[in-house]
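What follows is a set of structures to go through.
One chain, chain A, appears in both complexes that follow, with chain B as partner in the first and chain C in the second.
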Partner chain A sequence: MIDNIIIDGMSFALPLFVMAIGGIYSERSGITNLALEGLQGFGAFTGALVAYCLMRSMGAGSSVPYWMALIFAMIGGAVYSLLHVTLCIKFKANQVISGVVINILAVALTTFMTKTINKKVFGAPSDKFDLGVSARITIPGLSKIPVIGAFFKSVYPFEFVIIIIAIIAWYFLYKTTFGLRLRACGDNPHAVDAAGGDVAKIRALAVCVSGALSGLAGICFAYSISAKFSGDIYMGYGYLAIAGYIFGNWNLLPSLAACLIFGFARSGGYQLVQALGMPSAYSDLVMILPYVLTLFLLIFLSKNNQAPKALGETYDKSKR
Partner chain B sequence: MTEDYIIEMRNVTKRFPGIVANDDVTIKVRKGEIYALLGENGAGKSTLMSMLFGMYEPDEGEIWVRGKKEEIKSPSYATRLNIGMVHQHFKLVSNYTIAENIILGVEPKKKAFGLFPYVDIKTANEKIRSLSEKYGLEVDPEKVISDVNVSTRQRVEILKMLYREAEILIFDEPTAVLTPQEIDSLLQIIKNLRDGGKTIILITHKLEEIKQVADRCAILRRGKLIDVRDVEGMDTREMANLMVGRQVQMKVEKKPAVFGKEILNIKDLRVKNDDDFEVVKGVSFNIHAGEIFAIAGVSGNGQTDIADAIAGLLPVSSGKIIVDGTDVTDMSVRKRTEAGISYIPEDRHSVGLVLDFDLKDNLALRRYYKEPFAKKGVLDPKSFEDYGTKLIDKYDVRCARGNTTIVRSMSGGNQQKAIIGREIEQDAPLTIFVQPTRGLDIGAIENIHRQIVEERDKGKAVLLISLELDEIMALADTIGVIYNGQLGKIAPAAEFTTSEVGEYMMGVKHHD
Partner chain C sequence: MTDQNKTRIRVAILSVLLSLLAGAVVILILGKNPLTAYFNLLQGCGLLPKGKYGGGKSMITDLSSYIDFLTPMVFAALSYAVAMRAGLFNIGISGQMLTAGFIASITIGYSTLAAPIAKPLVLIIGIIAGMLVGSLIGFLKERFNINEVVSSIMINYIVRYVISFFIQTKYVDPVSRQSKNICDSARLTLHQIKLGGYKYDIPLGFVLAIIAVIAVKFMFDRTVLGYELHAVGSNKVAAKYAGIRTGRSLIVSMAISGALAGIAGVTYYLGYFASIQPKVLVSTGYDAIAVGLLGNNDPVGILVASFLIEIIQNGSAYMSSQSGLESEIASVITGLILLFSACNAFFLEKLAQKKAEESRKKGAKA
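Our next item is the complex of A and B:
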């Protein structure tokens, strides 16, 4: 049972975390990003569409569609995030409203396109792209260790991808000049401007990163929890990721901790329902566990939290 | 002979909507001198230098640097020309270390495993330490900005320029935010920089500073260049006259005071700050109608906390505050206002004004909820406009778009005029002025002093808190000197000499 809690918890927490990383990039640069939910959905849509096409031509046995799906989900998310970039940076629109609009638009757009493409291109009326669940890897040796061996058992390949991306993201954010300037943009963009940095460019790039990483998270959910792309992808995980990095105080490692708590709360709840032999209806109740946890954490943790100082402020050179 | 000058701005004109900020201004700066730009608030000094630093482009005229015509389109281009500027509002990242702030944009890099570039903070720290020793700019590069005080932040801004190898350093009102001791050390630093071969342009409206450090001085008035003088042998009074364009009265004329009934009574007031540290330690005093009571003291001895406690911005831990017979100790700010307190706060930006609101809304802040501004909770725009127009005219608030000017875009002096107008219109028995003339030019200071005396003569009680000893000596009827949260001595102003007040302020002399 512990094994299952760890396996399911990790496979939920890591996509959540990679999405939170995207959010951290965007918000540390000073752009409020409520669009994560829409970005992950749109990324999942593009990834799933590419995979679905490839699967039809290459057969279900090939792993190429899977990897192409991950890549195209990131591209799709990044492209869709350009909408947020354009609205917030070029047209200086309100960032909260832009984020909400992008979320609503994503739901409508992707479900509509899914139906239309299924009907017109594949000739089969359907509101989803079936993907199946991703294959899993068990690492020999390591997985035999008691308890923590579970971390190496039945792992989705995308989990490794996320870990590698997380390390790269950490390195860029905290160790490079790009990261230094990005974080400075979120605190005092005027300082960056005076130092010769291009605030608009840095922020645009940061939002694109959040789009790409959310897209990746979306396709991961599609390949694990739902085994397909459909409107069900919009389960609110984007908002959960936002809660994750807020509890993590806009820093990577604490956000990882928050996402892991969410992941294990969810998988632990499932196991509990099963162990107690409760009817399946109760598992829906368990689904709300991460959100209830969010409420509690909000009460206890948010007191010491410090959002980036310039978060959500449109950058205007002439303001003093 | 153009080679003589490192900077030449020729016939520069810059217009903003509704105002000509610089009108055909020509200045020529020699290498290795301290060149001062003197002028009242809004005379166009900052605008002129912003053009040199590439923040604005001139509408007309040319800028020559080192004998070459340049179009300075951005601050980073100015930096490449070795021009640096310390702005009035610091541009620092608050959660970064001093070193990170300094290197931002020109980060030294190293490669881990010869492959992964990273920001080399160690080398930066060392370089900053050696720079700070060279010019006497004491900082610890590893400290975080939000933990250091204003004068350190300013030194960081100076180091930022030096780190970028700036040769021409522009200081925009550098002393406005500093205490007297800090000012002395800054002026010394500026001299060190000049002696180290740098060229300095100093924007200021403080005549004393120019007298102390500058070699030459250009005087601007309402966007026009009035004159350029050698500072040596120049009389401060003459400079002041050139600056404001009329004879300046250095003294405040006032009639003998006529005290009325007691308006404010403070009994054993104790106040704690945010860190739970007691900053006001048992202060008692009272102010009568028709009296200016001034609290003198070195900054940070609890004087602003007394004002904040009376105004209701800080909770009182013990003691009593009685205004015009009403105990206001535990009242809300609005109740206090209605009980008869007007308050001109020290921090105009965060407490005094809503910067992104327009002028008429700011002027009505104290009374928007009352008739005729609001009728049963519905606002009446006409009343706001009429009231705004009336106050703008009465208090001579100069602004580009009248009632609808966004307050953020106004100069500091006019922002202050707006606050003072709003508060005086309250017609409250007690008016509190905290640092009312901070950062303002002579013309504005004179005007505010006159208003303070007028208030007194109308029979109001005035509490004046100021760090400027001259201001206190000129205005006060009664002086209380604060040191370390306690009022050392309270006595009629006539019984004090300036140096005596100074001694109490420094804690050298104690009350028996």
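Our next item is the complex of A and C:
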């Protein structure tokens, strides 16, 4: 039972974390990003569409569709995030409104396109792309260790990808000039400008990173929890990721802790319902656990939190 | 009408036209005639006559059900506007609607009270329930500095799952899989009333919606509270130094916003519908943001904008049945309207610049 809590918890927490990394990049550069939810959905849509097409031509046995799906989900998320870039930087829209608008549009666009493409291209009316659950890997040796071994048992391949990306993202954000400039854009964009950096370009890049990482998270959810792409992908995980990095005070490692708490709360709750043999309606009550936990964590932690100073402000050169 | 208002209206009309154009391109790509599709939208709302009608139905039947559908939207959009006035983004309208609808259903909807008592009670309970949820969000923002967007979305999910748990364990109708229908005496819409051979839905809430529009307009323009909310929304620090109790203003605006969302909830779940579908948050709360943006947060503008958006939403079912387009195209067009209206600050600025340049040229000539 503890094994299951760890396995399911990790496979939920890691995609959430990679999305939170994207959010941190965007917000540390000074662009409020409530669009994570829509970005992960749109990324999952493009990834699932590519995988679905490939699966039809290559058969279900091949692992190529899976890896292509991950890549195209990142591309799709990044491309869709250009909308947020355009609205926030070029059109100087309110960033909160822009984020919410992008989420609403993503839900509408992807459900509409899924239905239309299924009907027109594949000739089978359906509101989803079936993907199946991805294969799992068990590392021999390490998985035999009691309790901790569960971390190496039945691992989804995307979890390794996420860990590698997380390390690279950490290095870039904290150890490179680019990362320093990015963080400075969120606190004092005028200083970056004076030092010869291009604020608009850095911010645009940061939002694209958040789009790509959210897209990756989206396709991970599609390949694990839901085993398909459909409107069900919009479960508010994007907002959970936001709560995660607010809890983590816009830093990577504390955000990881928050995401792990969400993941284990969720999987622990499910195991509890099963262990006690409760009817399925009770799983609805368990579903609220991560959300309730988020609220309580925020109550205790928001007061002392320090958001990036220039967060949500459109950069205006003339105000320097 | 001032010049500024004129440009605002121009920008709003522009964004609607742009999105209808974009929608038309999509429809063309799918090989359908966009004009027929848009014509079908109007027919579905009873604003244009259909080719043929089923028994006991007429154009007025469609129109009455369209007004019935429109009523919750007016309240929801007003709710968005009141919060926005104080600079708060209430994205929890759907959750507040659901809470109000559910509590009113189980307390009054399943009781045997007579209509003259039941209907006002439904309304009052809806207001109180919505107000409590709304002010909770305001309180969390004021006391603990929690971003209202995050907290209201968390509350949306919590409310959705908890209520679906209660519906499925206690109030479920085994056939429809929804909550049991409430009794007619508590319903805020007079459902399927026969008049002169045709059936109509008469939404009592619509009268209230008009009153609410006037009341909110009065509150915004003529009261101290409206001024305070505006001050807090424009510049919180300045408002604080001017002696306005900003924390109180935030909570009050969320309480009023929640109360309006509560009325939207009871007119939706105990008016347009008579039952609640578990696990679903209605899109009204999100469409209300489109309406609010398009109507520029002005109560009268909102009334006009909600007429427009609801034509697209309500007529989409008929359009889908006539032209074979997926009804989700309605949400896509609404989303596009949102997208264009979100840029309105940019357009306004451009137009203002153009005007300033023109007047400078005039000045130079003189």
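Quick note on the criterion: the second predicted complex is superposed on the first by the 319 of 320 C-alpha atoms of A that agree within 3 Å, B and C clash if a C-alpha of one lies under 4 Å from a C-alpha of the other, contacts with A are read in each partner's own complex, and residues count from 1 in each chain.
Rule of thumb we're sticking to: a contact is a pair of C-beta atoms (placed from the backbone, for glycine too) under 8 Å apart; a residue touches a chain by one contact, two chains touch by 3 or more.
Because the structure is predicted, anything quoted here is derived from the model rather than measured.
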Touch test for A:A191: chain B only (first), chain C only (second), both, or neither? first
>> Between chain B and chain C, whom does A:V292 touch in the aligned arrangement: first, second, both, or neither?
In response: second
After the superposition on A, what does A:D316 contact: first (chain B), second (chain C), both or neither?
neither
Larger residue footprint on chain A, choosing between chain B and chain C, goes to C
Chain B versus chain C as contact partner of A:V101, first or second or both or neither: second
Where chain B and chain C land on the same part of chain A: residues none
Residue positions on chain A within touch of chain B in the complex are 171, 175-177, 180-181, 183-184, 187-188, 190-197, 306, 309, 317, 319-320
Note: in the complex, chain C contacts chain A through residues 30, 89, 91, 140, 144-147, 149-151, 153-158, 161-162, 164-165, 168-169, 279, 286, 289-290, 293, 326, 328-329, 331-332, 334-336, 338-339, 342-343, 345-346, 349
Given the complex, residues on chain B that touch chain A span 55, 74-76, 79, 87, 89, 91-96, 100-101, 103-107, 109, 116-119, 160, 408
Interface with chain C, chain A side, in the complex: residues 34, 83, 87, 90-94, 96-98, 100-102, 104-105, 107-109, 111-112, 115-116, 119-120, 236, 239, 242-243, 246, 281-282, 284-285, 287-288, 291-292, 294-295, 298-299, 302-303, 305
